[in-house]
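Order of writing sets the chain letters: A, B, C and D. Residues in each chain are counted from 1.
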Amino acid sequence: MSTTVLDVRELRTHLVTRWGTIKAVDGLSFTVDEGETLGLVGESGSGKSMTCLSIVRLAPRPAAREAGGRVLLDGDDLLAKSAREMQQIRGRRVAMILQDPMSSLNPVFSVGMQMREPVASYHGLRGRALQEKAAALLAAVRIPAPAERLRAYPHQMSGGMRQRVVGAMAIAAPPRLLIADEPTTSLDLTIQAQYLNLLKELQQQHRFAMIFVTHNLGIVARMCDRVAVMYAGRIVEIGAVRTLFTAPRHPYTQALLASVPRLGAKQEQLTAIDGQPPDLATLGAGCAFAPRCAHVMERCRVEAPPETAVGAGHQMRCWLSAR
Amino acid sequence: MLRFVVVRLSQSLVALAILSVVVFILARATGDPLSMVLPMSATEEDYANARAYLGLDRSYLEQYVSFVGRAAIGDFGTSIRARRPVSELIRERLPNSFKLAAFAMGVSVAMAFPLGILAAVKKGTAIDRGAQIVSILGQSLPTFWLAIVLVEFVAGRLQWLPAVGDGTLASYVLPGFTLGWFVVAGMMRLLRSSMLEVLDSEYVKLARVKGVIEPRVVWLHALKNALIPVVTFAGIYFSILVTTAIVVETVFAWPGLGRLAYEGITGRDFPVIQAVVLVTAAIVAVVNLGVDCLYAVIDPRIRVAR
Amino acid sequence: MKRAIQVFALLLLVLGVAVTPSVAQGKTDLVIGFAGLAQETLDPPVAGHFNKYYLALLYDYLVGTTNDGTLSPKGGIATKWENSADYKRWTFTLRRDARFHNGDPVTAEDVKFSIERNIGKRSTTGYAGPLRTLIATIETPAPDRVVIVTKEPTLIIPTYLSRALSSEGMVTPKKYIESVGDEAFARKPVGSGPYKFVEHVSGSHIKLEAFANHWRTGTPKYKTITFRIVPEETTRIALLRRGEVDVTDISRERVKELEREGYPMHFRKEDAVVSMWTVLDPNGGWPAPMKDKRVREAMNLAIDRTEVAQAIFGGHALPAAIPLGLSWSFKEIGLRVTPEMAYPHDVARAKKLLADAGHPNGFPLDVYAFLLPGFPEGKAFAEAIAGYWEKVGIKPKLIPVDYAAFRKNWVDRKAPGATGYFNIANRNWVGAYALLEKMAYTPSKPNDTAADPEIDGMIKQVMSQTDQAKINALMRNIFTRLRSEHLGYPIVYLHSPYASSKALASWNPGTVMYDFFFDELAATK
Amino acid sequence: MATRVLGGPDSPDAGAALGGVGGHVVARPRRMKWPYVPLGIIAVFVLAGALAPFLSLPDPQAQSLRTKLRPPVWEERGSWANPLGTDRLGRDMLARMVWGSRVSLAAGVVTVLLASAFGAAVGLVAGYYGGRVDGALMRMTDATLSFPIILLALILAVTVGPSFTNVVLAIAVILWARYARVIRGQVLTLMELDFIAQARIAGAGGWRIITRHLLPNTFNTLVVLVTLQIGYVIIVEASLSFLGAGIPPPTPAWGSMIAEGRDFVTSAWWVSFLPGIAILLVVLAFNLLGDWLRDTLDPKLRQL
């Protein structure tokens, strides 16, 4: 049994906006073990990114309010940490890779400066040792001629190359937990595949836990050990990838999988999920997916279903499970 | 980089050439300078002598050619009013103008930067509202009114600071502040909005995620990017400083180029008018060039493109 | 390349403090702050009466005066002057103890050289023209004697070369000028006056230093005298309060305020007469409506001079009665201004006169409005006068320009019928004569404002008259006729206020045109 | 291509807007649907100016030297005859302020419209055609930018005599350069976008592209710049009056009224202070309006 790195319990983050209070993250619970990759899947607006930001407590103030729950990293509750302590944790014990490589690196500073900055503060290195460590990290993410590359500026690099640099920064500590927020969405296919392999390799080498946020089920299948499907700020189903892909229990998960073309599948017509994604500001009491759910029952509209186990390590939040 | 400087300089020369024609015509349109200098009793013969002595009897084209020809080598002719070589007058007054403009630029940067940045970082708080007020006041107080109020109260009654330039650093404060104040508003608003833009960016989010301490994120990562639009406007700000200096020089008795231009115009002193306008234009062009180089220092993307 | 740019940027921002010449403080230095120092030219031929008050410290005059303008053998290089029987040879005996700042003695050669240079072709001073036509030759029979030979008999040679008028009489060093040339001399002038030249920064200040045991003032009390240019009045007053300026010119409106704070006020009583006139038509005659004497009288009667003196000039002015009436000359020529001469403020009579003259509902009238040195209330004054004329039915139209633009229209006769004004500096009889010869004499075509053949005749006679009594009678008749024929619109005499630091309560600015006799203030003899 | 869930509104922008709900949209403070405050202030001044002849106000140019420099009514020597006091020639301040708003606002609006029209034209042409045309126009702009407004106004005042048109002309002749430079910058970025190439391929000529595509897209910037600059013009007019080159007496204009009161900053504070407040309010109103317009029309325009 590998040790649990991250244990999130009833995490809530609400946002005060002009349209009322939005429960972007509404009571999330999940764990990620050492060396394990948890996929976070869901449509846009399901709260995937907000979850990541809430874990590293960078949800945009003054709108965001931490409305409860606990985030245990190796037993340490991050929500209880002071700003100073959090700042020490970010980058060292929890690292993050953002979505758009084109704008993740600071355009006016050299790659070297942006690499040396975290390495110097994590490892206290100076001068030549610092330079070598930075070059070594670039080599670790398979960037050719790392020494010269340190002198280059972001705009002199391709998207894929930049995302590798961000990856190198992420593993600088190396961290206990790496959060990748749709890191390959804006890369084209071939580069995407290489990057995913690289992440896998780095994970095996450093044994960090990883949360991989995406709305691409293909990537989930390839990268993740377990997957959590999010809808309107809640996890509607969580379990091993194999089980969810072969025997999804929650109607939303089933609909998601049905709308994905399969190699060799006979269907001509892909089924789309009708209706609109929920307006987070005006969520009713019941299950958020009720208006679009094929198996909707009276109860679904009135009462929000609790999380119930439907198999080993396989939970779901739907009244169908009770039947 | 060098090619860029050469192209810019040649373009500035073209602009100066256009300007020299415009100012040559405008100066002469102000009227007959001699009536200001010669006494009431001057006879027609006196006028003829003076016109010959000052070379005003030659055709306009001849006068223009000799003006531009000599201006190229720094000789702007003799002032009709002060009967002294104009270049000498300018050499006496230019340092004062330059020091005042530099000090004013320093003042506006010293005020605009902290205010602009803090207003962006602490958006919506008291500082932000304060910056808003400074910005509105900056754009709605006529420079001369502020100058006179400062002279009357701060220098005259409270006697904290000297009212007139006497060489000490303290004497720069009031005129520098008055001149700089006009530019503070514009620069601060621009810095605040560009900081807001940058603080929203992905690389700032990544810096925070990397565990960079907040002050370093704001004052290094964010500021260097936010500077870009401010620097592009710095050229315009400097030309505003140089052009509104006349008013400050009048109130604070500061012997600068602005005052020289004012006397030149009221005295219909062609050589002085032409010289001052060209010298100011040249300074503004050089400063703009300097600003663009500064721009390249800040933003590497520009360096490669040029 | 990067290095160079950074250095450039650093230089731009950190220019720091280069010390401009600091003004010495402390009791032994006199600092005078004026709105302007005219053209700031220090060479007599290109100077003129506007900047006499600082040149008079630098140079000695051939003929000196007391501070009320009467010629005095103790005030100039000439200790004695007498004229030949035919009034065509004027002999001046020079003092022997006068020395130039570079040590050379002042001799007859210097005086001859100076006069010829001061009225030469290059000169722009007020009386160079008449002197050039009048003087035939200048002889130097002895080192201490100079004889000026004139083409016609005249009385005015000593006065024209005296401190009473402009800068023609200033004595300059012949050897020094001939060795360095005009250009260098103008930049570093050498004179024989009680103060030496130190430095001149254009637009900022002129600094002079005491010249030990000068024959006129002994070793001056103040080590240095600095004339500073401070254009804005609020700033001048601030400097006065800070003690950074000892003497300053202020506007009449702020006299009360400074008197309350205990600053001594020094007035030059009737320093100038504010006279308005009509621009004549191109052939020198009176344009249509003003041709009729009654219209001119009506225009005078419409104006409430006491209210103007009180409201516009804060009470520091006196109603004037005589057009171009330079009152400092009245005593010398024995003219007494009787109460009947004063124009009453009589709107009814003015309207009747206008109706009689055929203008019951007035006529359009251009009134030019501009500021003038020593007359900051210029625009308000013009607006007020236009307001009075409006009340009697005239339809004035205010035309704000600067003085040079008005002068051009006046001299080129491009705006016949329009009215303009000037604060004409008061002066003694010779100066008054010279002014009348320009502004009331048809032959001096451009500047004439009183087309009247009778006055032209009288002025012509004065020129060639050598009997002082006859000259005085002629001058009296000229002024009386200007008033009786209403040949102008005299408004007020202005008192020019000067505020000084408390230590200078005793200073008397004197009544000589454009001269403040600072040398008397600094005299220890 | 990564598979896409067909149902949801899946374009990245929409996703970012909602998904990143904590990011861009939310951070802005509560914003009014309509800018009541600025529109209110401007309306007050415009109405005052327009209705001036009908309000029972004394003639702004009528002098009464006996009651000169009378303080506003709330001070002891004040009187209801002149609620806001009188100036140096005894003219009623309230009347001059009301008539003054007509002149000053007109000066501000006319100057800025003139300058923006010409400036935008130059900017559009320079941006679109580029190359030598752009170089020439930009050099002309630089030459104008370096020519000081105040000097030009002084020269005009001295040559032809100060007048309303001179002031407007002098400022407009310099101000257009700023518009030209900003609009050109905008056009350059627009030219990068595909829809210009699209229009060209569809055979649109230069003139049609400029008027139908470029102008509408830069119009927002223009509107924002116009509102922000009106205050600036009124201030420049005040400085010109200080040097004797502003709108000439006796026409009441705020700028010249402040200049006239400069000698009485302590003894008669209201002569300069009241028109100063009027200018402050107008500048404030136009700036707030400018900010609101910028936020509604195009948030990315923050840089102006």
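We adopt the following convention: a contact is a pair of C-beta atoms (placed from the backbone, for glycine too) under 8 Å apart; a residue touches a chain by one contact, two chains touch by 3 or more.
Predicted model only: the values in this text are computed from it and were never measured.
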Selected pair, greater C-beta contact count between B-C and A-B: B-C
Chain whose Cα centroid lies nearest the overall Cα centroid: B
Whole-Å gap separating subunit A and subunit B, where each centre is the average of the chain's CA atoms: 53
Rounded Å distance, subunit A centre to subunit D centre (Cα mean): 49
Distance between the centres, which are taken as Cα means, of subunit C and subunit B, whole angstrom: 37
CA centroid of subunit A to CA centroid of subunit C, Å: 89
Subunit B: positions in contact with at least two other chains: 31, 124, 148, 152, 250, 266, 268
Residue list for subunit C, restricted to those that touch at least two other chains: 234, 402, 404-405
In subunit D, residues with contacts to at least two other chains: 23, 27, 158, 262, 265-266
Contact footprint of subunit D on subunit B as seen in their complex: 11-12, 14-16, 18-19, 22-23, 26-27, 29-31, 123-124, 135-137, 139-145, 148-149, 152, 190, 193-194, 196-197, 200, 229, 236, 239, 242-244, 246-247, 250, 258, 261-262, 265-266, 268, 273, 276-277, 280-281, 284-285, 288
Subunit B contact footprint on subunit A (complex, rising order): 56, 58, 62, 87-92, 95-96, 98-100, 103-110, 117-118, 121-122, 153, 155-156, 166, 169
Touching residues (chain side subunit C, partner subunit B) in the complex: 1-2, 5-6, 8-9, 12-13, 15, 17-23, 39-41, 43, 46, 48, 121-122, 124-127, 129-130, 186-187, 201-204, 228-232, 234-235, 237-239, 241-242, 244, 402, 404-405, 407-408, 411, 434, 438-439, 444, 447
Subunit B residues touching subunit C - in the complex, by the definition given at the top: 1-2, 31-32, 35-43, 46, 49-50, 53, 81-84, 89, 92-93, 95-96, 98-99, 102-103, 105-106, 109, 147-148, 151-152, 155-157, 159, 162-169, 172, 250-253, 255-256, 259-260, 263, 266, 268, 287, 290, 293-294, 296-297
Of subunit D, residues touching subunit C in the complex: 63, 65-66, 68, 88-90, 157-158, 161-162, 244, 248-250, 262-267
